[in-house]
Amino acid sequence: MTTRIILAGPRGRMGSEAIKMIQATKEFSLIACLDREATAANESKINEIAGENIPLYEQTDVCFQETEADVFIDLTVPDAGYIHTKEALSHGIAAVVGTSGFSDKQLEELSQLATKQQTGCIIAPNFALGAVLMMHFSKMAAKYFPDVEIIEKHHDQKLDAPSGTAKKTVEVIKENRAKKMQGHPHEYESEKGARGANMDGIHLHSMRLPGLVAHQEVVFGSNAELLTIKHDSFHRESFMQGLKLAVEKVLDTDGLVYGLEHVMEL
Amino acid sequence: MTTRIILAGPRGRMGSEAIKMIQATKEFSLIACLDREATAANESKINEIAGENIPLYEQTDVCFQETEADVFIDLTVPDAGYIHTKEALSHGIAAVVGTSGFSDKQLEELSQLATKQQTGCIIAPNFALGAVLMMHFSKMAAKYFPDVEIIEKHHDQKLDAPSGTAKKTVEVIKENRAKKMQGHPHEYESEKGARGANMDGIHLHSMRLPGLVAHQEVVFGSNAELLTIKHDSFHRESFMQGLKLAVEKVLDTDGLVYGLEHVMEL
Amino acid sequence: MTTRIILAGPRGRMGSEAIKMIQATKEFSLIACLDREATAANESKINEIAGENIPLYEQTDVCFQETEADVFIDLTVPDAGYIHTKEALSHGIAAVVGTSGFSDKQLEELSQLATKQQTGCIIAPNFALGAVLMMHFSKMAAKYFPDVEIIEKHHDQKLDAPSGTAKKTVEVIKENRAKKMQGHPHEYESEKGARGANMDGIHLHSMRLPGLVAHQEVVFGSNAELLTIKHDSFHRESFMQGLKLAVEKVLDTDGLVYGLEHVMEL
Amino acid sequence: MTTRIILAGPRGRMGSEAIKMIQATKEFSLIACLDREATAANESKINEIAGENIPLYEQTDVCFQETEADVFIDLTVPDAGYIHTKEALSHGIAAVVGTSGFSDKQLEELSQLATKQQTGCIIAPNFALGAVLMMHFSKMAAKYFPDVEIIEKHHDQKLDAPSGTAKKTVEVIKENRAKKMQGHPHEYESEKGARGANMDGIHLHSMRLPGLVAHQEVVFGSNAELLTIKHDSFHRESFMQGLKLAVEKVLDTDGLVYGLEHVMEL
């Protein structure tokens, strides 16, 4: 059985990787794209990546009416993605959305809609399976290793520090970690900032250098032993395994699932 | 409530660490030791480590009759450990045993005895929580990352390669890993051995250098991403957190449990 | 003063990076390319990369006669490269050649020619400055740390193991390392190959996984300490800093220099 | 020829390692120790470590008059070390001193004295050969890789951050590094401290966890490549190779040398 897919955001950096992934997967078929500018030029760009002609729509409702899709993938921005996803679920089409930008209220609304429609909806802030596992393992380890620090390393064109993934990792670790005062109670910095950022007692360090891509190490320390969980991502191509998994799983999902880890067998 | 403990093998390297751990734990009390040579000299050695006088026994049955223990810890060798553990379970004393050396037949026998006696028995090949988690996470990751290699690094006084932990890691990974031909089908070694050992398609590499202690990295590779799980052990002190956990859990355990991961909340 | 450059091999993977580097360097000017197939199609390819029209030659002697160059860069294959380089030196043009494939006899001949012509010639097996430094530092460290192992990691499309860089690193380490029996004299492999390849007592390990690019670690061990020198290369773009340096240095060089380390200030 | 050695500070953690090293070295002979409390109890402690009776002195001048030494080793504190070293040089005895605590004025005075006496004097802030090489290589690399960050990792009982070695590494890197604005000009911290300490544009990060001992990584980044120089020290035993080297070299040294790197063949 072929899974018929509509993709929103086909010209973005993630979108064009998604087209390649769909076309390379025998069980998947790309039946339409949703684009905010359905010009001939854009259509030809998309067709070139896809290697075949893909109908391009500008209007969400028309797209969902005129086509018969199993799964809708949204790789646009939160505002548009929210509207697209609501429309897809209303048409009974399962949705896979790559964003961490929805508000709690939006998530609640989509959850109710998905449940009512008995349709699956997977929203994932991160599709890199390695990053998802790194965070999940870190959460698990925190129960037995309350002493933990994080170092994330990115190219020097990145503006913000620490990275979103590092902050998210702290969030999940906190769910399992016994509150504790970490480091020596009298420790001091002879150079300000040396001990990094301190989020709920967990120290984070952000390295920025040319040559780096996107890397994170979560280091747990205990009596005479260390446990390190490390993820290296070299290209956004790394997201495609997870996106593929989400498309496969969303058809067996009922209601909204937030985070890829909840459809993985862990 | 205090947990009353009998320890077998108190003069070994693990045993003396265990004495220190028990004495440092408020809820634990060391009430006797089992030693194959209960000489005055050995008694004085043990008392020095313990910081108090601990009755020393040579005969297993006498020891278990004359004392009233909750938990028996065995850190001796497989042959003696098997006899000790049987005796402990027969007396209704929960047992924690550090060994990977029992035969399947011995394990089966101890399992039946523990069940019949409604007594807990935890047998663990490795008490380092970090190593146990490394193996458990590796097993979990293998479902999504079938491409994996292991490098383990030890001091140059180690005789065998690869390490027992590395081989055990391959065993657990295999339970979850889709069989696959790894590496390029036409790859070749211009220097024999460069690609390491090959166990069921998983390559293992053993580094031996002075300065190293005991380290292992399990590296998973996929499209444009890597996931690495790494454990460093600097001293056998690292086993004590896990031994403590086993003593705490064995009283709530019914029957035999093999491997610390099964009493951890994972 | 502008350095006028002729490039041989402009359509190769290295060659196209070289064009970009030359065009991005204010002091460099690409005045011609040497190509074994000077077709209109190839010319247009090259012009597109260069962003301007670059004369394309098929015949070496014609190229050197009709143009007035300061430096000739060869990024072709050893056989062609040897002929090109001889011709360049004969015309008094300094040459920078990226190859490890010349025979000792060819090197000797080019060396005599360069000296006779009072022209510089830099032949480098590796233009990545980080890799050159890794090897140089490894050679220096070997004097004080005779215990050393190498692990190199590459993508799983690489056919040969160990890598050329790893073997070259062994060569330079040997120049400074006291001969010694490494590892335990009675060490044994329970799984064949675990201890890696053994080149003159130095063990080499080759990891191959998807997601990896090109990485090498040289690990030196001694009493209670480790020194590790590591290089990660993510793209052949990393060669361009070194190629640029070679072009700058070759004009001040008299005769043949083999290896970038000899024109660096180390 | 045997080198006759006087050791000051024999009961300190470094001192007792030094006694073991001297006794294990065939060419070295420990002829006396200098101790600020030459009690019978201390003498017996030292004799136990040495495995033979070593004369113990409290008064510096008496010690140097009554014995005939080739080399004096000082492993005490700066104040005492300065007085001892002056006395040793005055008696024409070569001195090896492990400290970073002498003032510029003290160094100048000792330098003049050593030159006048035609005696060698090696003062080293760090005797771990791996650490010395890490700093030296970092200095060399900085010429070609101006983008660099440092992460140092220590046990959580360490009070100060960053470590002295990290700060010293910044010092030596600065000697060779072109001044540059590192990182993105508009980078910002959403959590204060994430980007670490900033010493002259070089970012430093200090990790503190139980299980860690003493580790430092110097990471250089450039176009698509990284060069990392890493040192791990697991025990102060690691200083002994360097101390031994200093004792061997000081007899061929004339005047004062500051830093082990200047007597190494680099």
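Letters A, B, C and D name the chains as they come in the text, with residue numbers starting at 1 for each one.
Keep this in mind: a contact is a pair of C-beta atoms (placed from the backbone, for glycine too) under 8 Å apart; a residue touches a chain by one contact, two chains touch by 3 or more.
Keep in mind that what you see is a predicted model, and the values were worked out from it rather than measured.
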item	value
Maximum centroid distance from chain D, chain identifier (CA atoms)	A
Between A-D and A-C, the pair with more C-beta contacts	A-D
Same-residue or different-residue interface between chain C and chain D, half as cut-off	same
Euclidean distance of C-alpha centroids - chain A vs chain D, Å	48
Chain centre separation (chain A, chain C; CA means) in Å	39
Distance from the mean Cα position of chain D to that of chain C, given in whole angstrom	37
Sequence positions of chain D contacting 2 or more other chains	211, 220, 222-226, 232, 234, 238
Residue numbers on chain A that touch chain C, as the complex places them	211, 213, 232, 234, 238
Contact set on chain A toward chain D in their complex	147-149, 151, 153, 156-162, 167, 182-184, 186-199, 203-212, 219-226
Chain C contact footprint on chain D (complex, rising order)	128-131, 133-134, 137, 140-141, 143-145, 220, 222-238, 240-241, 245, 264-266
